[in-house]
Amino acid sequence: MAPRIATTAAEAVANIHDSSTILIGGFGNAGQPMELIDALMDCGATDLTVINNNAGQADAGLALLIKERRVSKIICSFPRQSDSWHFDEAYRAGEIELELVPQGNLAERIRAAGAGIGGFFTPTGYGTLLAEGKETRVIDGKGYVLESPLHADFALIKAFKADTHGNLVYRKTARNFGPIMASAAKSAIVQVDEIVETGKLDPEVVVTPGIYVNTLVALGGNNS
Amino acid sequence: MAPRIATTAAEAVANIHDSSTILIGGFGNAGQPMELIDALMDCGATDLTVINNNAGQADAGLALLIKERRVSKIICSFPRQSDSWHFDEAYRAGEIELELVPQGNLAERIRAAGAGIGGFFTPTGYGTLLAEGKETRVIDGKGYVLESPLHADFALIKAFKADTHGNLVYRKTARNFGPIMASAAKSAIVQVDEIVETGKLDPEVVVTPGIYVNTLVALGGNNS
Amino acid sequence: MSTETSTFTTTDAALTRDEMARLVAADIPAGAFVNLGIGQPTNVSNFLTGEQGVTLHTENGMLGMGPVATGDDIDEDLINAGKVPVTELPGASYFHHADSFAMMRGGHLDVCVLGAFQVSGAGDLANWHTGAPGAIPAVGGAMDLAIGAKSTWVMMGLFTKTGESKLVQALTYPVTGLGCVSRIYTESAIFELAAGTVTVRSTHGISFEELVERLPVELVRAA
Amino acid sequence: MSTETSTFTTTDAALTRDEMARLVAADIPAGAFVNLGIGQPTNVSNFLTGEQGVTLHTENGMLGMGPVATGDDIDEDLINAGKVPVTELPGASYFHHADSFAMMRGGHLDVCVLGAFQVSGAGDLANWHTGAPGAIPAVGGAMDLAIGAKSTWVMMGLFTKTGESKLVQALTYPVTGLGCVSRIYTESAIFELAAGTVTVRSTHGISFEELVERLPVELVRAA
């Protein structure tokens, strides 16, 4: 299906329901779908499981969702930052569950979900606390940990441009988790700076094919 | 290291030695590194293990390597074609070993080698002859087969353009196995239509980063 | 992909190959992403309408495949999985082999249409290998395609040359995929497979009663 | 990455941070692909020469990273793993997170330089978590980086504030990666680790004999 084209961020996230698992793109501010996260805040959905590289910063976006106790579980690689005070407080209060995953395993688990892989052996984390309770195996003399795919109901991501078929291109390091998250969610909701007519993106340079995109919303941007 | 730039196909493949495992790109004629395969024929290396989607066609390229009994084992998805007579004859004579792999598992095994994955559970092939003797597992009610990475000593691939850093772009469906094969080989040897100055390829559209490329040779082409 | 509204129909003559392809095409939902296997299924593309807005996938690395290329449009770098030169439609994209099969394996395609030697009542598919002694096996993408879409449909003749049913209780040919087929189009009947039940949606040149007699699986007639 | 030619050297004064970074930079082979961890290792980039032709990787999806961006060059879409705006050099490329970590995990980078809390004589690395009760754990890419290059080098102070050696017999901090470190740069000495043997390549402001006395691991002096 060609993606639904929403006119506002609120409309784009309107189907997100309580107890959803949500992949949220971005690394630092690059590729972070700020407006979609704000709309998620406004839409009221709660008891969310969020998969993101971090656990929110300062008083914006994901941090506010955590502050309001709308996130019951977070799966991330780096929750603790100098300004992650809302996560820190919720965590110390025992009001948010944390699943800590090495960043590359996080990326590969998301990719595995999109690719229909049931599990994979990764060397990252072998022999560490983060492999505790997980199946391990020595293959050709090297230790590996079995990791499972990370599926989600929704993905909120930010790309640079889309065409009306939902094909996406990104800008520089803002690409980060976007392509794999789009593939791992039942429904990928994408904010872009601009939606162009189909045929305006070179098929050779499309990074995320439209098959992975369910909802598009154009919100302008500073870089176009 | 910036890639070595060879001036002829013969020079590009000169380091390939007996008993090497070689990934050869291409699907049909698209992306097939014809000149590199011909040079491999001329260089005399024998007792090769070849990983390719097919097992040679008609009286050219890989088919000739098989005819001359230079390939002791082939790992592929589709060896039998109307014009695969040299493979058929070698196989019936018991003079070539065949490891038959479903095409998507073949691709994923090559990708796993490049990505440092020790093994992965795939649903493809579960319950079939091609899973016999392999570890299987039911995950969330669905059957999977454990497949292992396919590493190689060399990859012979064809791309469209390279820059002098070895960054590659491809053309249309000639991309096929190229990017994953470049990542899975100790040494990737790439023929391109044209080598351009570094800086002439847009960093956003590079498909294979130069880190994966060891040797480049520009052989012109029909499509540039 | 829902079929809950299908009512039983019958026609006097067996379906031609084009009629089968036309029926398959009409059943593909608007906007679907579809992979058409080599052979009979390829013919389905000739009956898709522009309004359907169907996007074709070819497993050698493309979405948005257009019709077969002719004349000056032939480009050796642009071929389909059958290695036939094809064209590119607006909105197309290219990707490498691992990404292409990830797209299938991950269940992102809506429909895959395949040929078959046999299908069991449980939806098991055999279409890659006769298992004959001395036959050189070749699998290609068959096993990936079998499980690589939300719905896998089969187009085949219902009977072998010697009159045996190809819809069977249990496969006698080597398995391609287990429990993957949800619909079978044949010249004589169209079948829906779900949870072990085989429902006959239509018959063509044969009565439901004759089918029941000739097929070794229990059949339910659509309401 | 070979070190077989290193001969033992000594200097009177401990190395400054810049001197350490300069030594690391000089040891990076020409044309290498390198990831510099956050903190001290980042400083190494300031001492790489253009002639070395080193390509820097940042795990958030880029090869060919240039210096920190300033003024009008700042682009919020172009940052390094420390979330600092950086620049792009000719020959750069971008890729997504799974591809970026595949590049590391697959062993394609030549050198990764990291900070550490502790390293064991066997090359085990601890640098992600103090394990202190109440500390909120955060790993980021630390475990991926530890095993994500052909050679992993560590830059750290050799002693804690209370004078304990951070080169240890066995880690007391939680493990980041096992057997992954092959070289350690400290203000007081540079160590080569291979097959369980710890070789002292140089000492700075301390004698080899004093080192032997203060460190809990067996040391070999480079020839």
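First chain written, first letter: the chains are A, B, C and D, and each begins at residue 1.
Keep this in mind: a residue touches a chain if its C-beta (ideal position, glycine included) is under 8 Å from a C-beta of that chain, and two chains touch if they have at least 3 such contacts.
Keep in mind it's a predicted model, so treat the numbers as computed, not measured.
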Legend entry - Other chains in touch with both subunit B and subunit C: A
Inset, instruction - Please state whether A-C or A-D has more C-beta contact pairs across its interface. - result: A-D
Legend entry - Label of the chain whose CA centroid is most distant from the centroid of subunit C: D
Legend entry - Length of the line joining the C-alpha centres of subunit A and subunit B, rounded to whole Å: 33
Legend entry - Distance from the mean Cα position of subunit D to that of subunit B, given in whole angstrom: 34
Inset, instruction - Could you tell me the distance, in whole angstrom, between the mean C-alpha positions of subunit A and subunit D? - result: 29
Legend entry - Where subunit D touches two or more other chains, by residue: 62, 88, 94-95, 102, 104-105
Legend entry - subunit B, residues touching no fewer than two other chains: 108, 111, 115-117, 122-123, 170-172, 203-204
Legend entry - Chain-level touch network, classified as line, ring, star, complete or other: other
Legend entry - Those chain pairs that satisfy the touch definition: A-B, A-C, A-D, B-C, B-D
Inset, instruction - Please name which positions on subunit A make contact with subunit D in the complex. - result: 27-31, 77-81, 87-88, 91-92, 98, 100-105, 107-108, 110-111, 122-130, 143, 170-180, 207, 222-223
Legend entry - List of subunit A residues in touch with subunit C within their complex: 1-2, 111, 113-117, 163-165, 167, 183, 198-199, 203-204, 206, 209-212
Legend entry - Of subunit D, residues touching subunit B in the complex: 30-33, 53, 55, 57, 62-64, 88, 90-95, 102-109
Inset, instruction - Write out the stretch or stretches of subunit C touching subunit B in their complex. - result: 58-62, 75-80, 83, 88, 94-98, 100-102, 104-105, 129, 134, 136-144, 147-148, 174-178
Legend entry - Residues of subunit A defined as touching subunit B within the complex: 108, 112, 115-123, 137, 139-140, 142, 144, 148, 169-172, 203-205
